[in-house]
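Here chain A shows up in two complexes: once beside chain B, once beside chain C.
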Partner chain A sequence: MNFLRSRFVQAVLILIAAFVVLRFGIRPPAPWSVVQLYMTIVLLAVLIYVSADSDSWREFVHPIRSTLVEPDKRHVRLALLVVVPLLLGYYAYTQAAARPQAPPELRAVHPAPPAAIQFRGKELTIQGLDNPLRKDQANLKKNIAAGGEIYIRNCVYCHGDNLDGKGHFAYGFNPPPANFQDPGTIAMLQEAYLFWRIAKGGPGLPKESTPWNSAMPPWEDRLDEQQIWQVIVYLYDATGQAPRRWETEH
Partner chain B sequence: MRARVHRRGAWGGQPCSTTLAPTREASLTVGHSGHPDYTGLAGSPSPARRFALVALIVLVFVGAGIGAAFAQAGDAQAGKLVYERKCALCHGEKGDGKGPAAELLVPKPRDFTTAMPSWAVLPEKDRWNLVAHLKTLAPDTFKEAPKKLELPKEVASSPESIRRGKEMYEAIECNKCHGTDGRADGPSRPELKDDWGNAIAPANLTMPWRFRGGSAPVDVATRLANGVVGTPMPSFIDSVEKPEDVWHLANYILSLGPRTLTYATLVSVTNVSDAIPDDPDAAFWKAIAPNHIALLGQVIVDPRNFNPSIDLVSVRAVYHDKEIAFHLTWDDPTQSVEDAAKKTYADAISLQFPPQPRPGPERPYFLMGDASDGVYLLRWQNGKGVTEAAANGPTKIAPLAGSEATAKAVYVNGQYRLVIKRPLASKQPDRLTFQPAVFTPVAFQAWDGGAGETGTKMSLTSWYYLRLEEPQSNRRFVVPPVVAILTFAALLLVVRVANRRA
Partner chain C sequence: MRDFRVVRQAGWALLPVATLLLAMAALPADAQEAAKEPAYRAFPLLGSRLAVWAIAQLHLNFAAFILGVPIFAVIIEIIGWRTAQERYDWLSHQFVKLTFAAFSTTALLGSFLLFLFVAYYPRFWMYMTSIFFPTYGIYALLFFAETFTVYLWYYGWDWLSGPRKWIHVGLGVLSNLFGTAILLVANSWVTFMMSPAGIDESGALKGSVWAAINNYTWMPINIHRLIANIVFGGTIAAAYAAFRFLGATSDEERARYDWMGYVGNFVALSAFIVLPFAGYYLGREVYAFNQTMGITMMGGFMSWLWIIQAILIGILFLGSNYYLWLGMERIPGSERYRKYVPPMLIILTLGFLIWATPRTLVVTMDEVRAMGGTHHPVIGVFGVMSAKNTVVNLMILTTFLSYVLYRRANRVSTRSWAGTGMAVQWAAMGIAAAIVTYYGVKGYFVESIVRIGYSVYQVEAVLGAIVVVMAIDIPMFRGARSTGAIRWGTIAPRSQYVLILLAVTFTWLMGLMGFARSGIRQHWHVYGVMRDNSVDAVTPALGYAANVITIVTIVFFALVTFIFWLGGLGERGQAAGHAHAAAPVLAGGSNPRR
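Let's look at the complex of A and B:
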């Protein structure tokens, strides 16, 4: 393991390890620009490390210098003179011949809801609103069953019969339908938030959430207040998730 | 990113859902409903119906593993719990296909052939338990062990096998239902009924990626040999000349289309120097790469379209300095025009754009805009040709005066191929001028008039992008050698300098 003592080998290994971690160790994958940024930082850190004192720096530079000047490294030198320009030329070709891709759709996934909404001509305060059906524990099962029926008649086409956002129409819409089984959706939202999203649908989204592209209908046209609360208790029951509660004031 | 996090904080502080997660037991039992109105059940189903239904359900769950099937015993009681949570809303609590969703689904839930998605997401044990439970719904049927289907030895696909399959396709009259080219447009199509008397459509064999029963050769051969219970698809194992012909047929069917399809997110418009042909079948178009766009039912505005007929349009687009042209290919099993007596409407398709290019991401509402922000349409209708139109919502479409668009369509064996052309630039302020190298929003709508689709009963897409590619320059051949030579020179210089110092 003598070669591990070499400053040059160490520097290369650190760079490779950092790249592997950044490129494959992060899920979901980090964007290429972020990887580049972090790799630049790692490179700077490595240069600082190898140039900490003049002995270390000399040791680091030694293999590079010897490749450039030593007569017995002539073949390596020639190989580098051929391979490096060819690799860069190939990279230039992939860049010059690349076809443009659709620009990414940037949108806020869970935008802040309004403090109050107009629901069928009456004002509903969303902030601090609780699901009234939760108070009526005796009829909760009945309401869940009614919510399931509403769900299967209206929502299943996009959100799927397993509530995982994989309905019949799911594959063609961008943004894709929400996956309620995912702990990142309804489990981190208050029930009043769901009420707002269901009542107002895509057109009720703020601009940063691309309301022109969402296929979610405004359900206030078809479902009354009670029906929306019923489908909400069904969503939580069927997925085994619990709604987020409002913070209590201290 | 920062703005999002900040807003979420403002909306309610830290998430606390983890502390509230219910126990597994609770989540399994709550779905069990004792409420009598739950299924909307009217009367008991007849034993015969129930037999066919249960046979079908069991078949579906056993699915592709037909060889290994019937070996595992499940727990019927545990299966009942899964059934109530996952199946009852469509298939009804008693398994009679009368769940609340039944009236909306085509084919109906009991017939399981195409509407039902795969439930591979359930743990295997749950699936076997379900099979055990389903068998209890029709106990008489399962007194005897079922016969195991033996397929002849698999024949690998080859040009000869495909040729033989095509002969058999015609010999056993697959084309009567599935059509000459397999696009579900056969002459028997209007008469097809399932075992319960509901109209049912044959499968479009050119779209294997949609086969819910699987698109592996063994899946297709199994359906050919066994038929599909409850549907007009019979068993063909005795109709073909030799048993192994089911493999030739499967190979032929799978040669009609790809097993997976890659959908486009960007419609690239190729720059051409030649004249653009009007004829959709001209060889010119075969050289242009298609962009496959998924179409879905319009379910926002009444009347809604839960079971759209057209679910794919393949777009080839080209332009030169004067004109832009769109070559659209889509399957429609019936060629139809507006006919009040037959209750059919004109088959139609439209391309949608914002009326003007605009900076920033904002666009009109994807469903043909709204009152304040409209869209521009290139709209083709069978029998009427192409028009330019403005729309402020799906029910407010107004033709634009002085349309400059032209179109030519052909309809062959269940498929439309259409070329729409328009001048690249428009002098009118109410219609889009196409600009190269700009991402222009585009959306599509389609109507199968023969299936009663008109107005808001349509299939559609949300916004995609269209981009007129700049002429392929020689840059990609010039830049790389220059880069390579410069790198070589720089390396050489470094070596020289290093040697001189040493």
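Let's look at the complex of A and C:
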């Protein structure tokens, strides 16, 4: 088992083990971009591990150095001289070759909302705007129920009956519709933000947020102000999420 | 002869200050003229924005250095004064020498920046002048005071020694106060552009200028920049020491610069530990001021910058710890702590992995289908702030543990209660880690605003543990038995490249985050008040910005190297006659180099 005590072998084994875990141990499979990022960090950590003291570093470098300079390692050297460029060439080919699918896009997490919007001829200030239906606690359940009906009539086809973005049409869209169950979507946003997104849809997205695309229509043509607020209270109620509140302190 | 040289050097260095003051004196006239002039002019070849961007970044880099270094230089001087240890005095003088060398370049770049604003953005500058004119005079006066105090501090080092040392230390403190005041004034201008306050609908000042100064982001940026300046100053000073270490020709010289690099890194690390908290406070205030701006920064098109930021901060954490671990090799008795390195490395690596996990993943359509959406059920958990706040706090705790182990590496406590003390220390750190993890996990199950509040508890737990551990550690190791003196100068040379890497990483990070802070104004000179109507009124793509920032960073290091080289020339010329050239010899300096 002396073989396993070699720092170089340990480093290689750690890297292989990390790759296997990241590539095959996570289900569903992690995106390749994330695996690459993780492996870079693991490589950095492994290099620190083997070089954090001088004995360990000497031990790690020794097989590399002997392969490069010792006469009896000539055949290994020659083999590496062929294999390493081939591997690099293959990697370069895989990166450059045309694929039948669109390349991945860098997408913004949430497009930034404007300070104010025009809604049916009226200016609505988004900044600091609260859902007026929350003040009417007596009728909140009624409004939630109304919002549910609006959702079923208009939104369920894309956003799904579980509000998880897996409606009937969802698989035809790239990017897929928003998953409201995800704690990273509506739970992070104020209700005014949702009002803006629902009212203005994909065409109302800000230019500075590109690359971004959305097939959602602007619902301001079909829903009035109250109906949009109703569907918003329904979204939070049905998912069990709480909307983000405005911060007031300075 | 030496007096003449001092006067001549002072004269040259004062030139940019005088230029700045002249420029400031001409400002009202310039501002009036500007009203009749076009709103913008085009800077030849580069364009106005790129010219302002490059000079502003360079100016800020130098300013951060000359404001950050004196803060810890004076503390080191006080330590040397109170403990009567010459080596601290030498070290402090070395740090101030670096500041001094960069002082005139900072002022020159500041003057150049001012000229660029007046000449190429006259209408914008006229508007800023209409708001902040009362502060210009204060700024100029502070600059004068700062300059003369630093000059007296530097040149009076020998003159104000011995019984007059308290006056000298007082000058150091005073120069820091003036420097910080300059920072506060300049920050009021830049933060007003981000989060204007104290103005009416037309953008005119209503009432006192104080309301414009004390805007939403002013105090968060003051705190953030002050701490970041110390980190930056520490890393640059450590990189300078590393540079000198690698070029040293004697063991004594290597020992001195090894120690200087260690102190620089220690200062940087100490301040770096609290920097994420200050950054979080700033981010929170940006959100509180304007949701659009906050979302643009964290969730909008700037969000990808945070992935780069995460990677760079991860490198800073790993690099700082790595340097400490390498440094333990020169400490006899440190072998007993080597077993802690692998678990600490594992925590830091796991923390780094989570810290760098993007919120929105770069995915192909095949991967989206395989995941059942753009959200990954496992990795997605790590993309939100709950996870990131948790791991950054755990990384800070781990880094602190590295420092504690380094600190006691060659000491064995002789106190009867040492065992209990250490148990309490471990318990304090364990409890802090548990609190951090508890609130991190709980953060997934509460509403946003509550979760944001949890970060305060996490920070308090970590800071509390640090205070408890140090409160026990200091008395526990007072009068401790030594296992041998630190062999300064025998550290592995690769550690010095780490110091240089840390300085470059931090400088680059400053540029990137500065772009994020400035870029979230988007097409506004003054957010929501004065629109940018120039040809450059478009927020640059991240790739372009990264290229510009990288080039400016390279230019900065080229200038710093040149300035330090110039400083070294002077030192060589006067080595024999200067009291501080005869630097103290540190223990272990004569040991063979590894």
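Just a few scattered comments:
Here is the rule we go by: the second predicted complex is superposed on the first by the 142 of 250 C-alpha atoms of A that agree within 3 Å, B and C clash if a C-alpha of one lies under 4 Å from a C-alpha of the other, contacts with A are read in each partner's own complex, and residues count from 1 in each chain.
The criterion applied here is as follows: a contact is a pair of C-beta atoms (placed from the backbone, for glycine too) under 8 Å apart; a residue touches a chain by one contact, two chains touch by 3 or more.
Since we're looking at a predicted model, the values are computed, not measured.
Shared-chain residue A:Pro203: touches chain B; no touch with chain C.
Looking at the shared chain after the overlay, A:Ala242 reaches both chain B and chain C.
Once chain A of one complex is fitted onto chain A of the other, the partner contacts of A:Gly165 are limited to chain C, with no touch recorded for chain B.
In the superposed model, A:Gln101 makes contact with both chain B and chain C.
By the touch criterion stated above, A:Leu37 is placed in contact with chain C alone, chain B being left untouched.
Shared-chain residue A:Ser54: touches chain C; no touch with chain B.
Once chain A of one complex is fitted onto chain A of the other, the partner contacts of A:Ala112 extend to both chain B and chain C. Residues 101-103, 105-106, 108-113, 164, 166, 171, 174, 183, 187-188, 190, 193, 208, 210, 241-247 of chain A are contacted both by chain B in one complex and by chain C in the other. Residues of chain A that touch chain C in their complex: 26-34, 37-38, 41-42, 44-45, 48-49, 51-54, 57, 101-115, 126-127, 164-166, 170-171, 174-176, 179, 182-184, 187-188, 190, 192-193, 208-210, 241-250.
By the touch rule above, chain A contacts chain B in their complex via residues 65, 68-69, 77, 80-81, 84-86, 88-93, 95-97, 99-103, 105-106, 108-113, 141-142, 144-145, 148-149, 151-153, 156-157, 160-162, 164, 166, 168-169, 171-174, 183, 187-188, 190, 193, 201, 203, 207-208, 210-215, 217, 237-238, 240-247. Every residue of chain B that touches chain A in the complex is listed here, in rising order: 3-4, 7-8, 10-13, 15-17, 20-22, 24, 27, 30-31, 33-35, 38, 85-86, 89-90, 99-101, 104, 115, 117, 119, 121, 263, 265-266, 268, 294-297, 299-300, 306, 311, 361-366, 370, 439, 461-465, 467, 469, 475-476, 479-485, 487-488, 491-492, 494-495, 498-499, 502. Listed in rising order, the residues of chain C touching chain A in the complex are 216, 284-285, 287-288, 290-293, 295-296, 298-301, 303-304, 311, 314-315, 318, 322, 325-326, 329, 338, 341-342, 345, 348-349, 352-353, 356-380, 383-384, 444, 446-449, 492, 494, 522, 528, 539, 594.
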